Amino acid sequence: MRHCLIGKFPGVPPATVCILGGGIVGTNAAKIALGMGANVTIVDLNLNRLRELDDIFNGRVYTLASNSYNVARAVQNADLLIGGVLIPGASAPRIVTRQMISRMKKGAVVVDVAIDQGGCIETAKPTTHSDPSYVVDGVVHYCVTNMPAAVPNTSTLALTNATFPYVLRLAQHGAAAAIKADPGMCEGVNTYAGELTYKAVAQSLGREWKPVMDLLH
Amino acid sequence: MRHCLIGKFPGVPPATVCILGGGIVGTNAAKIALGMGANVTIVDLNLNRLRELDDIFNGRVYTLASNSYNVARAVQNADLLIGGVLIPGASAPRIVTRQMISRMKKGAVVVDVAIDQGGCIETAKPTTHSDPSYVVDGVVHYCVTNMPAAVPNTSTLALTNATFPYVLRLAQHGAAAAIKADPGMCEGVNTYAGELTYKAVAQSLGREWKPVMDLLH
Amino acid sequence: MRHCLIGKFPGVPPATVCILGGGIVGTNAAKIALGMGANVTIVDLNLNRLRELDDIFNGRVYTLASNSYNVARAVQNADLLIGGVLIPGASAPRIVTRQMISRMKKGAVVVDVAIDQGGCIETAKPTTHSDPSYVVDGVVHYCVTNMPAAVPNTSTLALTNATFPYVLRLAQHGAAAAIKADPGMCEGVNTYAGELTYKAVAQSLGREWKPVMDLLH
Amino acid sequence: MRHCLIGKFPGVPPATVCILGGGIVGTNAAKIALGMGANVTIVDLNLNRLRELDDIFNGRVYTLASNSYNVARAVQNADLLIGGVLIPGASAPRIVTRQMISRMKKGAVVVDVAIDQGGCIETAKPTTHSDPSYVVDGVVHYCVTNMPAAVPNTSTLALTNATFPYVLRLAQHGAAAAIKADPGMCEGVNTYAGELTYKAVAQSLGREWKPVMDLLH
Amino acid sequence: MRHCLIGKFPGVPPATVCILGGGIVGTNAAKIALGMGANVTIVDLNLNRLRELDDIFNGRVYTLASNSYNVARAVQNADLLIGGVLIPGASAPRIVTRQMISRMKKGAVVVDVAIDQGGCIETAKPTTHSDPSYVVDGVVHYCVTNMPAAVPNTSTLALTNATFPYVLRLAQHGAAAAIKADPGMCEGVNTYAGELTYKAVAQSLGREWKPVMDLLH
Amino acid sequence: MRHCLIGKFPGVPPATVCILGGGIVGTNAAKIALGMGANVTIVDLNLNRLRELDDIFNGRVYTLASNSYNVARAVQNADLLIGGVLIPGASAPRIVTRQMISRMKKGAVVVDVAIDQGGCIETAKPTTHSDPSYVVDGVVHYCVTNMPAAVPNTSTLALTNATFPYVLRLAQHGAAAAIKADPGMCEGVNTYAGELTYKAVAQSLGREWKPVMDLLH
């Protein structure tokens, strides 16, 4: 951090936070940054999502259409840059270049939450909870993989809330019936009966795959 | 106006409004600008007032301590600059110089609400409702004197609400008794028994004055 | 305007704003009117949309089911009436009659944003930015066509944000492939290969039309 | 109640609540009515208090300067009228006349919280928790004396919070020293050494009184 | 009620309200309880709905994933428990057991809005507006059937807003055509041409039924 | 930290933050904790301050009157306890005992911002930015002296905003005249003309002192 407080102090300009991606990661990052008093901008490609964000935040965040001009300008102004651009099951797109990072203020901070999918910031590389940060061009990078592991109490409850309904259905109906009955569960199957069944995983490993529905009778 | 909307549009950066002075003029200007979706900064000398503004606006405006560095920077970034620095009964201090104005974006707008006390912006000069604006260094100036006259319905009610309690007391007790009983009313007396009784007016006209209390028996 | 301020003044009743239609026009008009301190009512036919508006505005606007009784009463109370009822590609329905307008307060203001589709207020007729308003039954009408043209900076960015993804797809894939791949783009095609392809336009001009999909191979 | 819900229902106009007096009673009544979704107006004489209320409620209540015209109009529109005008130690002023009450909608409700000081509404007379309401001119009146007694758990804690610091000082320093040291406690003494010491009580009972400070050595 | 105020009093802990179900009943109950100053928790099975509730309430309610552990704990802490878990056309699931009720504080209050579908709380049994409540294990139960009947003015408008569009279509097109054209209306038909056409009703009465579409030509 | 997130996650109970003292430290701590989504309670002795906090936070924090029963209960429930009870120029009162700390959840966190005045929590002892925390009874303590030093950019601006007006007056009028003219500055003088002039400092060091006004001519 540029040794500046994210929180707001009367008479002192607040920290500027730029968040890439208005999905779950970005929206929650925005809630916290805004709650701490920062000047928050969310960049997203999807105009409908920007409209929803405007409604959700009651106009308190600035929304910006994603294009290279807007990204470059928003990154340059940021004291804190949060990368939250994810494509489920695929590599994250690299929308922030090293050149953009090099124009940030010295001491600014970059957090790439997309690091588990390879990161959406060119200078991001995976770090660990024990040695979490490094510096590129005077900018501090925090790119710990599996960030939720830092707060295991909350993460466990949150993950259980999301997975428990599936577990219940597996227990009640058995795997084959549960998969057939629920397209959402079907999409989540990675292997079945000894075969790879998830296309994106197969492609990134260069292997064969079969649709899980073909393997069920 | 730089042909930009004060209102917020998803994906487009909002207008930046800089307000000089956090008193009644500035606070109400901020409420409206904020309500329209602008990025609002209030500049004031008084740190306690900045703290109160932070509480009143629930952190939605940026507050800035008034000094020439901060004023220059805030003016330069503004799409709309509102001058609301007033000293009751005296000339407004000129805290924005012509040089600061010349560094604003072309098409930016300046409104000097302090114009009835001479204005707090160097390039401000009085205009009228029929010919309200002029341009200096590419910046549009709106410096209509007696601005509330544009909304006489609201202004009349607002003014009556403020003055009616005094009128009532004058009617009930007579002028002398009402003035003696109420230091607030005493401060508002400009002439009494043929004498000037208001120091600031006397000084700005280079005339003699007497305290009104000395003229009452 | 009835020479009354939309903004709120302590101790003085605020202006009453009635907005017809809770879509994008109406929702944004409500945000600004509310932000300025007005008493805002949105009238819409769609009960689910009224529920959403209640959530979005956190209960700060009054929502009203659209029927002729409710419209008549809301119009009569309004200091400012905004018409934002639009049916894409068709004429706007005329839901406010001249009789309703004639019962408004003298000096009240009507803005018909639906004027580009013929207006949703019976007394509305197109005006221009140079001569924007006229008076009917003591009520000021502002019905400038192409209102966004007044703020070209903002409008251009907003429009570009919305159209740019389509332009990108046209550039990457060519017109035929882009239209085939995207039902949204398909719906937007007005003419193709010398034929009218948009039903509503064809009908309002009394001409033949063909579905664009029939013209693509 | 006019058999209408105070809470807000999308598409249905909310209840209108008029609150007389912007002190502790009125402000808390407004918080709850507003929270339930009502259209709330607070009437008060003090312009500075109206300004504070505007800040506290972030513009969500309508404030109205108190005069007979405004009171009459606000009372007439109300579905629920709350009287909260109190003068400490004296009778409440009767600012709502029977004529105003008779113009309210049939089934409207009046709650006079000032009833313990005689009520600020002409038609109010004390009732009890067991037989709490009566009807005048079709308007339901609820004027239970000692209303906090209905929620003894909360009232006891709230009262104890307010009185405990005084009890502590009495215990630590004794009555005479505690009264001398604290003008606030001094003002609260009703009798001392066999004498009435509270002017307003003495006057309303037509008895003699002495300042408590004269009775302390 | 435990003789405690739902409204908030500075320095006194607020009432704790637990709401089962985050649908229309639960969301509106939460708005009012929150508006009155309570500490509000909403329990729901659907994680996406919990996320939406978090956005709608701007983080002001606590959301809890529904499972027997969480329900038991939330019920135990509540001063007021509201049951709003409904399955359209079927019996409500009994998610609160008598044992959970018996662990609530003495004087706590239970309102089962699902009572018209049998209630979602084991100890709930239907009551009437004239004798609305009873006590089980020291906990006051309010389980009036057809609760909206208490506010007929509001309920009639709200119900009319929801049903009027269907009535209009029936009047314009006749029953058969209206049912065929609108799957929503089709789902609402209970009997047609002398046959039961609503599956859930038929099942709960142990009778035969036919799909309405089979009865239309 | 109990390895739980302060931020809010739908369906998971938020962290509970207890803040002792509702002054500048406590109010700002509450703003940030609330912004992050925590369940926040502020404990203060002053009932008027609790009322102001209720207005400032719009009912979003729970306020609690300070007494040993309330403090003990609030501390026991807290995941994060912040000590912000300060008496200017004197030692902070120790309002949290070791016994209260020992009843906190294992892994809970204590931050004593009053540590520069000795701390308001019995188990607090000064630590440094390089070795900031230690554990007592399973509770993590963070009691770094001069905490603002961690964010020197913000702290310097904030401190300068507060001190600059005094520096200006010293420069314009000289020390003696500035002190005479301003009771606030007078109160801040610690030594003058070789004498100790600040009573609390003198008392805590067991030395003589003289009022600064006696040393000025």
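The first chain written gets the first letter, and so on, giving A, B, C, D, E and F; residue counts start at 1 in each chain.
What we mean here is this: contacts are C-beta pairs under 8 Å (C-beta built on N, C-alpha and C of every residue); 3 or more make two chains touch, one makes a residue touch a chain.
Just so we're clear, the structure is a prediction, and the values are computed from it rather than from any experiment.
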Under the touch definition above, the chains in contact with both chain B and chain F are A, D
Label-sorted list of chains bordering both chain A and chain E is C, F
Classification of the chain C:chain E interface as same or different, half of numbers criterion: different
Which whole number of Å gives the spacing of the CA centres of chain B and chain C? 36
Using mean CA coordinates as chain centres, what's the chain B-chain E distance in Å? 53
Residues of chain C that touch two or more other chains sit at 8, 10-12, 31, 37, 47, 58-59, 65, 157, 161
Full enumeration of touching chain pairs: A-B, A-C, A-E, A-F, B-C, B-D, B-F, C-D, C-E, D-E, D-F, E-F
Please give the residue numbers of chain B that touch chain D in the complex, ascending. 31, 56, 58, 157, 161-162, 164-165
Residues on chain D engaged by chain C in the complex (per definition of touch): 8, 10-14, 37, 39, 47, 50-51, 53-54, 59-60, 62-65
Residue set of chain A touching chain F in the complex reads 1-5, 7-9, 11-12, 28, 31-32, 34-37, 150-155, 157-158, 161
Mind listing the chain B positions that touch chain F in their complex? 45, 47, 55, 58-59, 65, 67
